[in-house]
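What follows is a pair of complexes built around chain A, which joins chain B in one and chain C in the other.
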Partner chain A sequence: MVIEHEVPPFLDWFPGAFAYWVLVVAALIATGLALSFLFYSARRGPASGLREVLQLISDGVSDLLWISPRRILALARLAVQEAWRRRVWVAIVFFWVILAFSAWFLDSATTESARLHLSFVLGWSTFLSLMVALFMSVFSLPNDMAKKTIYTVVTKPVRPSEIVLGRIVGFGAVGTGLLLVMAATSYAFVTLQLRHTHKVLVEELETPEGSLQGGPALVSRTSRDMEHRHLVRLFKDERGVVTGGVTDVVNGHSHEITVETDPNGQVRYAVQPPHDMLVARVPIYGELTFRDEAGTETDRGISVGDEWTYRQFIEGGTANAALWRFRGIDGEQFPNGLPLQMTFGVFRTYKGNIEEGIPGEIVLRNPKTRFSVVAAIVRPREFVLNTIRVPRELVGPTGGPVDLFKDLVANGELEVQVRCVPPGQYLGMAPADLYILDTEASFRVNVAKGFLGIWLQMLLITAIGVTFSTFLNGPVSLIATLSTLVFGYFSMNFMQEMVQGKVPGGGPFESLIRMVNQSNVMNELEPGMYRTLAEAGDKLFQGVLFITVSLLPDLQALSDVDHVTDGFNIPFNNLLVHGTMALGYLAPLFTIGYVILKRREVAK
Partner chain B sequence: MPSEVVIETRNLSKVYRDFWGRQKVRALKALDLEVHRGEVFGLLGPNGSGKTTTMKLLLGLLFPTSGQALVFGKSASEVTKNERLGYLPEESYLYRFLNAEETLDFYGRLFDMPASVRRQRSRELIEMVGLTRARRRQLKEYSKGMTRRIGLAQALINDPELILLDEPTSGLDPIGIREIKDLILKLKDQGKTVVMCSHLLGDVQDVCDRIAILHEGELKELGRVDSLLKVRDVTDIQVEGLSDAGCAEIKQVIERHRGRLKSMGNPSTTLEELFLRIVRDSEARPGRRAPAEPVER
Partner chain C sequence: MNPRRSFYRKLIYLGLMVGLLLPMAYISRPSGGGVGGRSPGGILARLRTEHGISQANLGEIDPASETIKLATLGMRGVAVNLLWERANYYQKTKNWSALSNTVRQIIHLQPNFVAVWVFQGWNLSYNVSAEWDGYRDRYHWVVEGIKFLIEGIRYNEDNTKLLTDVGRVTGHKVGRSDERRQFRRLFREDDDFPENDDRTTEERDNWLVGREWYLRAEQAVTRGAPVRGGSELMFYTYAPLWRINYAADLEVDGGADGRAVFGEIALRAWQSALADWQAFGRRDIVATTGEIVQLASVDALLKEHDRLDDQLEAVAGDVHARMVEEKRNALPPEERELLLEQLRDPARRNEVNQLTGKTYVSWEEVVEQLAGEKKKRAEALSLRRSEVADLYARTDNYSNQINYADWLLRCTYESEEATVQAREHIYKGELALQVDADMLAAQEFYEKGFAKWRLVLDKHKELLNDNLLLQELIEPIHRYQQVMVNGLDNEFPDPFVLQDVMDAHARMQQRGQRPDPQAMPGGMPGVASP
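On to the complex of A and B.
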């Protein structure tokens, strides 16, 4: 799984994030009060301006203190009734229709069928829930204003804070309902689509040639189901009785085979549901460093010129190596050996055997004694997960036995080195590319956690839509919220790089000059007035963009659906950090919506 | 005359401006007004005279450009004043996807009313406005008159002390108009204060104790209806069962006292009275044509 931005531990992240939040919110409040003062001073003089600002503060405190949960629930209930009678459930029907026809374009016979199905349902759930949240939230309040139904609400003892919060809660509840249905449907759809079994072809059972001790006693094939079949290996115990077996890995999964004997002595082979398909792996990640050709430890590998710098490469046939340091390894936790899983990038300077992958050597090393053992040779292929289980008993360099946890783990620490074997070929590594598989969590719970991330996004879009709709009409609110959604979802990284001046070719003004001059982005612009003006304009633009980036929510970061599609458990820490981030946006959005509604005339 | 002031405006003015802050229209000019507890007060004036603007300022739907609007002694922008207030807008701006019961339940919740009270109050009000049979129908299926009725019911959900009615009889049939007028008088009897604005002068005359006449945003007249309408140099006598000889004798008396007889004869009833009598008679005896003979008085 690609983890470009690691989510920091909550306790490490929170103090800094909270301080930054307080700073931004304080700046917003100060700006709002200053603008109010200037506005009212310009109309009625400074004394009136000051009075209005003080009134605003006092009203704000009072309206927040005397907020009524019953009224909020009444308004939320109205929002739910409104959404329901405006046929919001059509989104669910649409989702079901899409799932019903998905078999036309979703291929179950691929190595990535689980990822394909999961990304399909999660992608559609995200899209539909965000669209529903968007349309519900932006049109409700402007419609109330246009149809004047708001007159009969604000002439009751209802505070503007309750109107804003009632809508956020109501539409949030509708979105929650939709997502619950979508989550249940998605889970059922994926499991039903991918859960399958086969039959062992008993007539093809045969004893393999050159069968060794510990190897399979019988081999066969399975029937062809879901456009694939497996090779079957059955094992016997000391008495020569077949006890069970496994299949090989096809399309990213294997099956366990159980053996049942009926009262007549008839043996039946039952192929169990697939393994490693719908999983939630809990990995233990290590720290990655590199060793250069001279054997010196460094934090960067070799660049092969890829624009995406996520992976650093090691060259084959040299001392170049990637080095993972794992902590907290306990022998009791892994009684059957250490399961290592890895996905490496591959860069070939010559074609080689394209079918086989580039061989890499996995070496385990004791960080204290520096004693090392070659654990395995793997042939990683790009985008394919390779699994090895390092046994507890290993063979040392001198041929003697080596105990994995006694001889190679020191104070819970273990080093795993990866070397690329063939000269002239490269393997690419990132910290999350190799990990120890701790355990497997519940897939069902993981899907629920994935939907929790979508729920946070939906809630935020609802709050943004409601806030915009307190001062904009429906279509303009829609455009404003949609822009926030698009920029917050797809352009945050680009905008952050623009603010930091990392984008080649400068800002918009410099780019304009380059376009007119047809100048390459790698060349410096010639000094002169145009360059000076363009740089000044770009600085100003960067300032505006900095404020925008500071205020815009990074919507994509709130969701962890990639964990679910890649088969990894979503850590509780991620949920905690993302939930707090969402709350950090919801509170100011609610306040802004409240202040605007409070200060505007409802009637015309 | 009850002395407690429920509504007070001081130099209340409203200027509507465009997006750029330029003055569009001066809707209300320095209005000074007091409405006392227990009276039915009418705001009269032609279209665009400032009646509805005044009402919106009193409700806090608009902010005054200058001056003050006080309701129960509090600023009109104060939310808590709404706990004692009911408002029927010009057109019943209600959520058309709700039915009558849901509508009243929703507005009851906004008053923090407990469920049992909401249920009882809704039932009473629906019965009072004659919508019992249509209580489960969505408001989008209601006629205009039915919508006005449920609008009135929502204005009364909290049993308010002050009721603001904007064109309360618009869209209603004569029976509905009479019922509304009767209701206003009933509310007055219960000690409630009613402020209504209308340009149907007959309605205002029938129910209002005092009126204010606005024109182009300015207060032109303010006072009690009976004193404002009284024609001081004409005397009206209505006698029942008088013979022709008696009529002749009265004429002589008038001449003897140098009075000028303007008219003498049998009065006619109003069209409203005639209509209501026919409808009531038709309801009492379905299928029969109502008698067309003039009313004996």
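On to the complex of A and C.
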């Protein structure tokens, strides 16, 4: 799995993030109070202004402290009824229709059908839930105010904080209900769609050439189903009886083959349901460093000129190596040996033998004693997950037996080194490209965790929509919330790069000059007044963008759907960090909505 | 405002709307339906049908495509831009399944934008396939690109660019890439390649399948489709050229077991290739100037040109020679001396240079000097000669563009039994040497092969000017040399049966003329080696 931005451990992340959050919230509060003071001072004088501000603070504390869960729930129930009246359940019907016609849109010949189907359902669930949240939240309060039905609420002993929170909770509950239905439907859809089997083509059964002991006794192919077929390998026991078999891995999965004898004594080969298609791997990741040609440890490997620098490379036939350090390895966890999974890049400077892959050496090393053993030679297939199981008993350099956990693991730490064998060839790797497969978690639970990320996004959009609707009318709230959604979902990376000055061609003013002049982004602009003005304007824009990026939520970061589609378990740490991030936005949004609604003269 | 006036105004507006509705309904009425048969529809529908640009004329109508287009709510262009940006991102980050899915979404939005199909088909077959290390994975993506192009044809029937692209990629990418041995083998074994189920093992050659697609493109042109993506000359060249490549590669690895095929099968293949090439030579090809050329008519045009020259000489008498002499005499003395020197040397007589230009006398100038009946006749002959000269120049130019004569010669000598046998013996010699390490058997086969080549070269003496053939023959000759001298401790035969080949190759190297494998369309023909 490609992990370009790792989620840091919660305990490492929280202090810094919390401090930053406090700073931003404090700045917002200070700005709000200062603006309020100026506003009221301008109307009634500074003394009056100060009094109003103090009153605001006092009311605010009181409203927040004496908030009533009962009233919130009552308002939430009203919000749910309102959403139901507006036929929000149509989104579910639409979702079912999309699934029913999914065959139109899904490429049946894809090599990654599990990923495709999961992306499809998670993508549509995200889209529909966010759209529903958006439309529900932005029109509710403005409609109430326009139709004056808000009076039926504000004339009761209800605090503005409860009105805002009640709507957020209510619409959040509606969105949660929708997501629960979508999650269940998606799970059923994916498991049913991907369930398939094949028939073994008995007429093509033959003994493979040069078959070795322990190798397959018979080979054949399966029928073509779901746009693919497998090669079949059947094995015999000592008596020469076929006991079963296995297929090769195609489209990310394989099948087991069992042998059945029917009442007539005919032997039938039954292909079992797919294996490794819907999984939730729990990896143990290590820290990656590289060793250069002099044997010195560095952070970076070799670049082979690829535009995407996610993977760094090691050169074959040299001292270059990639080194992973694992911690927390316990022999009892792995009674059958150490399962390593890897996805490496390959770069050839000469063709060589194209019928064979580039061999890489996997060396296990004791970090304390530096004792190392070559565990395996692999020929990794590019862009595909390669698996090896390192046995517990290994053969040492002098031919003696080596116990993996006793001799190579020290205090739970183990080093795994990868070296490329042939000179002039390269293997590429990133930190997440090699890991120890700890176990496989429940796929069902993993899907649920994936939907939890979508739920956080939905909740955030609801809160943003309700907040905007406290001071904007419906259509304007819609545009504002939609813009937040679009920027927060699609453009965050780009905006962050703009703030850091990584985008070639400058900001909007410089880009305008380049567009008019038709000059490309790599050339320097000619010095002069226009360039100076443009650069000044862009600096200002960068400042504004910095504030925007700091305030806008990165919606995509809240979601872990790529873990689900790639077949990896979503760690609890991710949920904790994302949940905390969402809470970090929800609290200020609620507060801003409350303050605006309180100051607004609703009962005019 | 008076409510009555407002009401009247509304009535007028309504009347205008209804009034406009009638001509609009007439103009925009869709085709299809109607009592008793298919209705041609309104003016727009008829114009669309006439010019072949209605959705149904272009190809299949895909409900998924129509749905997605509607779902963009008029912002199809924006959606497509975003999708292209995503596709580029996925290609950069090597996320192949996401790339494939995004490309499918793009084509759902723009099924009739042929450039998308062409670009992405090429992208998958050439760029994405090259990113993978394993040759099986590369083959998979080459075929994905071909299947993508074939799918594009469903939506854009009779689009000759797509049809020829399928032919080109199937031939060129499968048959000429570095992995061609592996790709050709996988192609033969690929039951899942489109329509391979209906083909015999022999027919499952990538060149033959590619040729099939070129022929479909030609049929589309017969039905009225325009030639797209190149000139007519190149359009019609590839089908017969792919047949030649099939025959050539048959003698390299064309067998089901990946070994070379000779004998009757190879002979028939070459004879078919010769027939195809000759038929292509007789085809009328519309040149870019509008003239019709036939590549096989080059020699006939030259003969006609020479005949007209002779006739003009006969009519003009010695006028031409006199005028040439006058121009020579008008040259400065040093130039005249130089010219005479050139004319005295037979090897330099036909040299074209500045002096030739100064003393050149055109037939038009000669005609001016004539009078009466002679002038009339000479004028007519001169005009005809100009036409023939222009046509010859155009035909010769076109012929040279695709090396028509060279390929014709190749097909001619390859389709003879002696050549097939020569290749077979050399192939067996190489196998004996490189696989079995049997020097004696290698010697025997090499000598048989060289003897057969001797017969071929004696019949086609012009082959000694074929640099590619010289390069091809010199390699087994050198290996034979190694076998005789180093392996068997014998002397290299003197005179050697193909000594003229060795001499010609040496001259070629001296001149620095290395044969360019990419010189001919389709690349270098298959070289017989195990």
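One rule holds in what follows: the second predicted complex is superposed on the first by the 493 of 604 C-alpha atoms of A that agree within 3 Å, B and C clash if a C-alpha of one lies under 4 Å from a C-alpha of the other, contacts with A are read in each partner's own complex, and residues count from 1 in each chain.
Throughout what follows, a contact is a pair of C-beta atoms (placed from the backbone, for glycine too) under 8 Å apart; a residue touches a chain by one contact, two chains touch by 3 or more.
All figures in this text were calculated on a predicted structure; none of them were measured in a lab.
With both structures placed on the common chain, the touch criterion links A:R115 to chain C but leaves chain B unconnected.
In the overlay built on the shared chain, the residue A:V346 is in contact with chain C alone; chain B does not reach it. Residue contacts after overlaying the shared chain place A:L78 against chain B, while chain C stays out of touching range.
By the touch criterion stated above, A:G357 is placed in contact with chain C alone, chain B being left untouched. Residue contacts after overlaying the shared chain place A:E382 against chain C, while chain B stays out of touching range. Contacts of A:S303 after superposition: neither chain B nor chain C is touched. In the superposition on chain A, A:Q333 makes contact with neither chain B nor chain C. Judged by the document's definition of touching, no chain A residue lies at the interface with chain B and also at the interface with chain C.
By the touch criterion given at the top, residues 56, 59-63, 79-80, 82-83, 85, 87, 89, 91, 93-95, 97-98, 102, 106-107, 109-112, 151, 154, 158 of chain B touch chain A in their complex. Touching chain A in their complex are the following residues of chain C: 63-64, 67-68, 82, 92-98, 100-101, 104-105, 108, 131-135, 137, 140, 147, 178-179, 182, 191-192. Within the complex formed with chain C, the residues of chain A that make contact are 2, 101, 104-105, 107, 109-112, 115-116, 119, 224, 229, 307-308, 310, 346, 348, 351, 354-355, 357-358, 381-384, 490.
Looking at the complex, you find that chain A touches chain B at residues 63, 68, 70-71, 73-75, 77-78, 81-82, 85-86, 147-159, 601-603.
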